[in-house]
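So, here's a batch of structures to check.
You will see chain A twice below: alongside chain B first, and alongside chain C after that.
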Partner chain A sequence: MSDLNQTMAARYQNNFLKEIEEQAEMGEWVKMCMQCGLCSGSCPTNFQAGWDHPPQEIFMMIRAGKRDEVLKSNSMWMCTSCYNCYVRCPRKVPVTHVMHGIAEYAYRIGQSPKNQPTQHLSKTFWDNCTKTGRVNEVKLTQSLYFKDGIGAGIKKAMEMQAVALGLVKAKRLNPLEAIGIAHKCKDIKGIQAMLAKANELEAQRKAEKAKA
Partner chain B sequence: MARKEYAFYPGCSSQKGASASNYLTSVESMCNTLDIKMTEIPDWNCCGASVSYAESGELPRTAMNARNFALAESNLPGQDIVATCAACWLGSRESKERLEHNSGLLADTQTALKEAGLQIKVIPEIRHMVEVLIEDLGYDELKKPVKKPLNGMKFAGYVGCQTNRPFGINGESFENPMYLDKLIETVGGEAVPYDQKVTCCGGALAFSEPEKAQAQIKDIIEAAYDGGAEMIVTPCPLCQANVEVYQGQINKKYGTKFDIPVLYYSQLMTLAYGGTAKQAALDGNVVRARKLEEFAGK
Partner chain C sequence: MTSVVATNQTILVVGGGISGMTAALEAAETGKQVVLVETNPYLGGRTVQLYRYFPKMCHPTCGLEINLRRLKANPRIQVLTLAEVTGISGSKGNYSVSVKLKPRYVNANCTACGECGKVVQTEIADEFNYNLGKIKAAYLPSSMAYPQRYVIDSSIIGTPDAERAKAACKYDAVDLEQEEEVISLNAGAIVWATGWQPYAAEKIVYYGYDRFPNVITNVEFERLADPHGPTGGKILRPSDGKEARNVAFIQCAGSRDENHLRHCSRFCCMGSLKQTHYVEEAFGDAGKSTIYYIDIRAIDRFEDFYQKVQANPNVSFVKSKVARITQDKDGNPVCNGVNVEGYKRYATAHDLVVLAVGMEPAVKGMDIPADVMSDSSGFIMADPANAGIFGAGCATNALDVNRSVQSATAAALRAIQVVNKVARAEV
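For the complex of A and B:
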């Protein structure tokens, strides 16, 4: 167990709902859920195999104190950000944002599933776009393919060869981006300074909440 | 002076050589005809997109968007920000909304911006390109420059998610928005009815969960064919790429024979306004739109 996780588990004891409300971004909305199931029925991923619990279930499990099951589940990471649940919820719960908030919290305290592909993408995307201020699409794709090592990466790259060649031919993929010849912001220094300050303040906010 | 002027936020995918570069080219051609002046926000940065939620945190994400607001406001005062990408539009609008409703977040954002020598005074309006077309010009104005109506061509207007939810286009329903169909009809095409108009293409999960995303994409394409469409049209760069570039993989997996071009509304409008295949960036389509290439050559 990570330190932060231990601290949180000890502090909230048997009140996981309160933990989510106070620690997860938008977590205060969970109690508004009336279990109608519209979100689950509206979720495009709900009709695919391989995810643990739709949002309605996650919300009930939070109330029921199923801490481990919720934080370790892959459910939140299945969100495509389609916002179907968000616009259909009769209680106006911003379900999409709540799911993102719970995912971020589980990740922050080291409880989210390991090697979860969308979690990897989420981190990789942010690191990629904040490095120069703009996304380097080639490097983003490469780091996704090679997340499970060189062998798996080459296999994946071979599978995707036809897709990549089609894009190169259409001038929508520039192989030079792989070596950093890519679009970037001019004021990278300013962006880095801004983000350093934002991260510092964000960490402060979260630490304060964790102490409160 | 141009009829309308906006602070243009093209976004990462709409850059030269990037995955939606054909969107950029066709938007430029379309705006040229419509006498809309789009001035790129100097040194704009990525919006963070929806998928960065695990790592970004609310404040850093908001700061990224706020930097664009500050740059737009100081360099192009009084102009609305116009995004062509659905995710840029959504990310910016979400940030604007949070900044306007959360004074603590605004204060912290200002502190962060100061490190980059910037400051927010007024947050400009954040518009999507189709809002500009529909609300600032209107269908009648959009019809006027049509020289070559796309008569007899059948399109499935694929609206997808993020230009539709959670904000959407004013006056449209989330379940069956009509603006894209109307745009198709404005340039003389036929918008076919089909039942996957607002289905999600899988978004970023096309990268991380390709099987799930491709199952959704398959449903969308199948419905478009069932509706009698020859081509699919969309306002979103990720919808466009996802629905277009995985057709080969889907065919292999499911034994389908998908080969349907996926275009941007701006490509249709450029062609209907008499533009060339190059001005409409038809060479940027991976699944070539042969019928439109022939049409453009006539």
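For the complex of A and C:
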């Protein structure tokens, strides 16, 4: 992974904007930003406490060639995908998608922040739901709660006990999922074949981009 | 009933704002016959609704007076107010145009004495002042209105109010029998100068123009500052009539925005810079202005005007497009956004927020009964296939008064060339 990082850094030298444009999905939109700040101002998250940089600043940092700061930033991972920025951008920059594209690229070349909760969730969620075509909520929750160790996991689970019981009562959560008896897709093989094909196509496309 | 003398050597000018008046005057002063058609009951358009011009900070009434003098002195211009072009047929050098004339219910006997306005009780929205106040249904649209004649609003026709107005008139000027009529006239060339309208600010949902009384538009602010305006020139905010000493201006409210107007409206930066002078003029050092901007586009030779405003300690600039306006418990509008210099969130309360709304061409969506081409913003340009119709002023682009006049003069010259050709052919 870090090899890919070095390859890319070497190839694009001091042109990080070009790197993002060519390698990150939707990266070609970065140059359209006119720094009005409507995206950041419309963001519902409290980025000053939790985020390193709001989207508008990320865009400017890319242009300024701050490669490490951008790729290692937690900002892209804090996006809640509310799409406020996307619908309001005066230049019609798909801000949400650009942020996701940069996040994915940072992850792909091994530069994304380690143990970042959203990143962890994305990966866990993907692995979980692609197994049967449906999400196993109990296992997903477990893997999230116990991310930082057994003690922290038990504490979190106790805190959320009432919510979990409520969900069980409302039949929104099946406790049997813990032992693998869970809802699943009718045609598991079919969906897995589709995902495998999609994966193959994506890998092919990215490999071509990386080679080019 | 209304008779208009027009031949195929006549130039028809549609729109009686600064562009239309200029085109009409320039053409008429070279000896051409001109018919000037205006949909409002008065000439001057949006220019006369301004308090002052930039960059010289003089009053539009001054320029208007000069133009009206030229107009009155020129027998070759026929002015039709409350008139709308409804159909154009024919081709370059030989157009036939139908014009719908709405009744004014007041004839040329009117001396603008105002007796009818005193007796009429019904009140209507004051369009001249962007509906900031109410006026009587028998009214003079503005103090500088030309023609200087009252108008009786059609809403009171057939009511006792209309009879009261008629009875009060000593000059037999009130004519309640007037009816809408459609006339047709000839023209060799047409100048289309229908101007612009302020962008509908309520469409920018996150600024809450239709939710917060103290969020107004730049054109409304002009009326607040004007001594002839609804507040007598006092800058009072709409919610409680308190003096608005701390005023925020939000640039690009609707302009340069693919979701609203995709073009830069050009005049609004200079407009807001100008309006900071109004705040200072009203309150001195106690008047504070804040301009929220993406970048200031003080076009052309106006950079020095911008620099002078920048040097003013009572005016501050925040490089940021405000993302949302909220309202605090005292009714103050609060601007929320992220500052580019440091990328910090701000939530700043002001007494009044002025949205520098952009120019939307009035021709956009208008059913122009002729072939014209328009750009992606709706501004028109001459269609080579129908080369006798020329756009002028803000119908063609987002322009300030100065550039509108230039554009109108150019259009007049093109129209003159068409009718000259007609004249030569007929000799």
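By our rule, the second predicted complex is superposed on the first by the 208 of 212 C-alpha atoms of A that agree within 3 Å, B and C clash if a C-alpha of one lies under 4 Å from a C-alpha of the other, contacts with A are read in each partner's own complex, and residues count from 1 in each chain.
Everything below uses one rule, namely that a residue touches a chain if its C-beta (ideal position, glycine included) is under 8 Å from a C-beta of that chain, and two chains touch if they have at least 3 such contacts.
As the structure is a prediction and not an experimental result, all values here were calculated from the model.
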Handout entry: chain C versus chain B on the shared chain A, clash or fit after superposition
Key = fit
Practice task
Mind telling me which of the two, chain B or chain C, contacts the most residues of chain A?
Solution key: B
Exercise for the section: Please indicate which partner A:K123 is in contact with in the superposed arrangement: first for chain B, second for chain C, both, or neither. Expected result: first
Exercise for the section: Quick one: classify A:R67 as touching chain B (first), chain C (second), both or neither. Expected result: neither
Handout entry: Lowest inter-chain C-alpha distance for chain C and chain B in the superposed arrangement, angstrom
Key = 5
Fill in the blank from the handout: chain A residues where the chain B and chain C footprints coincide 48, 87-88
Problem - Footprint of chain A on chain B - complex, ascending - result: 12-13, 15-22, 43-46, 48-60, 62-64, 67, 108-109, 111-118, 161-162, 165-166, 168, 174, 199-200, 202-205, 207-209, 211-213, 215-216, 241, 245-246, 248-249, 283-286
Handout entry: chain A partner contacts - residues on chain C that touch it in the complex
Key = 206, 252, 256-260, 294, 319-324, 336-340, 343-345
Fill in the blank from the handout: Touching chain C in the complex, chain A uses residues 34-38, 40-42, 48, 53-54, 56-57, 87-92
Fill in the blank from the handout: Listed in rising order, the residues of chain A that touch chain B in the complex are 25, 44-45, 48, 50, 78, 80-84, 86-88, 94, 96, 100-101, 103-104, 107, 112, 117-123, 125-127, 129-130, 133-135, 137, 141, 144, 159, 162-163, 166-167, 169-174, 177, 183, 185-187, 190-191, 193-199, 201-202, 205-206
